[in-house]
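Following this message is one structure expressed as structure tokens.
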Amino acid sequence: MSLIECRDLTRTYTRGSEKITPLDGLHLDIERGGFVALMGPSGSGKTTLLNLLAGIDRPTRGSLLIDGRPVHTLSRNALAEWRSEAVGYVFQLYNLVPVLTAYENVELPLLLHSLSRKERHQKVAAALDLVGIADRSDHYPRQLSGGQEQRVAIARAIVTDPTLILADEPTGDLDRESATNIMDLLKRLNTELGRTIVMVTHDPKTTVWCDTVLHLEKGKLADSNADDSSGTESHNQTMTEISS
Amino acid sequence: MRRLPFEYAVRNLGRSPSRLLMSAGGCGLVVLLAMAAGGFVSGMQDSLKISGSPRNVILMGAGSEESVERSEIPMRTPGIAATGIRGIAIAAGVEAISPEVHLAIPIQLQTETESPTEENEANALFRGITPSAFLVHQEARLTEGRFPETGADEVAIGRLAARGLGLEGEDRILGSTLVVDERPFTIVGVIDADGGVIEGEIWIPLSDLLIIGQRDTLSCVVIRTTDGDLTSAHGFAATRLDLELVATRESDYYASLAAFFKPIRFMVMITAILVAAGGVIGGLNTTYAAFASRVREIGTLQTLGYSRLAIVRSLVEESILTASIGALVAAAIGILVLDQVTIRFSMGVFGIQIGPGVVALGLLGGLTLGIVGAVIPAIRCLRLPVPEALRSS
Amino acid sequence: MSRNTHLLLGLSALFITLNGCDQGGGDTTASNDVGPTRATIPAAFFTTDRPTEVVDLIQIKPTASVGDSVVFLARVGGRVEPFVDGLAIFTVADPSLLSCELMGDEDHCPLPWDYCCEDPNGITAGSATIRLNGSAGTPIAANAEGAGGLEPLKFVIVEGVVNERNDEGLFVIDATEIWVGGKPMRGMPRRGSLAGEENEGASTGDTDAGEHDHGDGVAHDHDGDGKPDH
């Protein structure tokens, strides 16, 4: 069974008298453990799809099952609870809370769970260690570089051990080297920890880390590339390109 | 509901020191104003409430029941009352009957450094008395100095009246000179009266005040009864129609004065509420601006799984903290600066009273400001859909 | 201070109550009548037979001397509180004085019986104090309001003896008999002063009923502390 099942997934907004449908009857299955890139021009519906997968937006029509759960039927509060358990979200601009340290930022989602301080500490330390930023845990976001901030943001996204990691242009605001490191990190999370990752990107170079690239156009799936075996190779090639 | 850590609210205070200063300062001003208004009302009310004894009866002119200053009764009244009224208290072998003249007169203070000018002229309430006044007004005590002597151009001054003239400390009060109609009077005594209206008065020998006021009538006669029963006094007033008197229980007289000044207290409170409302609106704007600048962060917290209620709660905590800073500073200023600041009114002088109740009112006002000032902007900010909030810069 | 005041009030109230209890049904002429055994005004003070040939108060006041027996017509009032709570003393004013309800507009003054629109000296000159004394020769310890139908603004004919007077306005009458009439109306300032007009302008039926009760001798249930001094 697929981790994500979209059926006739549609999202329509009304702006004044105008109706906009960024996502229009999408059918899509994403397998557990996949690393999927969502690509497409502006307004193609990729961010809308990501928001629906994250449970921060709700479809106008259609159904969305994630890990067997009918997300489209959940109430606002149930969605919030579900998000805190099932979804890790990585933002383009990191969205760290500036008044909290790296450690506290990563701890933030854990406060929604019934955990002891010690358990939280263990999880936060492990997450920070995994993203390689443990030595800066007491730094505030303003004391970190963009790449470091994004690492903290990734640690925050994985610290609750979610089923699904969603990333909205995670390298969009980073220099090449940082971008490569972040993509490496995401790939590690995908391959070593088996996390399912869905990533919106404009940068074709980042897709080489992914095993599936979905192209969206006018709210529908335009094309797909599902080449699991070539993922690592492509990755290596592109890394060389980026480095040079 | 899982809460956002309290530290989050605390640290948010430090995001913009200037905004914190503005919000806390604004709240502090509103609290200070509320305390000033509350202190004014409570000072005026308490000064009248604790004035007058239920055992005392005031005989004053019929038709002048609302103001003893307007009352005029014949000079012979005390003698006739002494024989006509039963149950008059006797202290030290003397009947407790105090013939009095109450007059508001402009005075000027003359000190070593200050000579009398028109600018420092102020209206003061004089009570012309005989020594028996202390038998009747038992709350009044000469705490410093002595009783003024008749014909020696001497007065005793209530502690609040002295403070109202800028005289603090016995050394400064005793020996100071008040100029009344170009005639200097030396202050030889200081009167305490447990905060009652007497503390706002200047006591002067009766015959001296009769001369100053160029009058041959008394304002009233105050009599202390043995048991607080005024029947005989009422009967006396209804019988001695030639004296044109009414008998009023002294405590009732001041209670009716308190009722008379109710509209003033009401106006003060209304003004304070209106200004505070202005402060709330200003505060709402500031808070909204503060929260609006964090819309993306609020969206992020929602994405992480925090409920809207948890976020509102955290924002309210933050706002309450800000308001509390302002309110506490204001309360401290209120206690240190406003308390016992003297206010003149037609009854004499009273002190703004920043008591526990008024401080509680101020702090409660600050708390309300913190809550109301945050809930509305917080809800407005949270109304934005999460995807839109995340897109905002 | 506030606590002290309350204490003082409480003690005073206690004292008054105890004092009232001590008196029991004894000396009803004492001024301190507060307590459960309040005295009543003997109905014998009141008559329903209007004396004839009666002059106005103002006509006898300047010439009457202490000890003289007098009969005059006046109206209850002349002060804010014409009746004294706890003492059978009330004030009356001469019919020539204009009480406020007889003037222009309605609700001219809150208390029409204080004659506030008249000259104060005129009120003093035209007023008298009526005392209803008990056996001790001092006023009965009861409010006279309501007794025999007495109420502010009503005409009364007082028969009694001059107890005190002076030229400044003091005029105290120890009443022996009182006829209670009705109230005048605007434009009819003498209405209520004649026999048969007792019910004119009466504010409540209760008072009238009381008046008649006394008149027909039914309500004579007083404490029997003595008849008025005729």
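By letter and in written order, the chains are A, B and C; residue numbering begins at 1 in each of them.
FYI, a residue touches a chain if its C-beta (ideal position, glycine included) is under 8 Å from a C-beta of that chain, and two chains touch if they have at least 3 such contacts.
Because the structure is a prediction, the values reported are computed rather than measured.
If each chain is drawn as a node and touching chains are joined, the picture is a simple open line.
Chain centres defined as mean CA positions place B nearest to the mean of all protein CA atoms.
Chain B and chain C have centres, each the mean of its CA atoms, that are 43 Å apart. Centres computed as Cα averages put chain A at a distance of 64 Å from chain B. Computed from the mean C-alpha positions, the centre of chain A lies at a distance of 97 Å from the centre of chain C.
Counting partner chains per residue, chain C shows two or more touched chains at no residue at all. Chain contact summary for the complex, chain C toward chain B: residues 1-2, 4-5, 8-9, 12-13, 15-16, 19, 31-34, 78-82, 84-87, 89-91, 116, 120, 124, 127-129, 131, 139, 141, 164, 166, 168-172. Every residue of chain A that touches chain B in the complex is listed here, in rising order: 47-48, 51, 54, 56-57, 76-77, 80-81, 83-85, 89, 91, 93, 95, 97-100, 104, 108-109, 111-113, 156. Chain B makes touch with chain A in their complex at residues 2-5, 7-8, 11-12, 14-15, 296-297, 299-308, 385-387, 390.
By the touch criterion given at the top, residues 46, 49-50, 53-55, 62-63, 65, 86-87, 139, 194-196, 227-229, 231-232, 234-235, 238-244, 246, 251 of chain B touch chain C in their complex.
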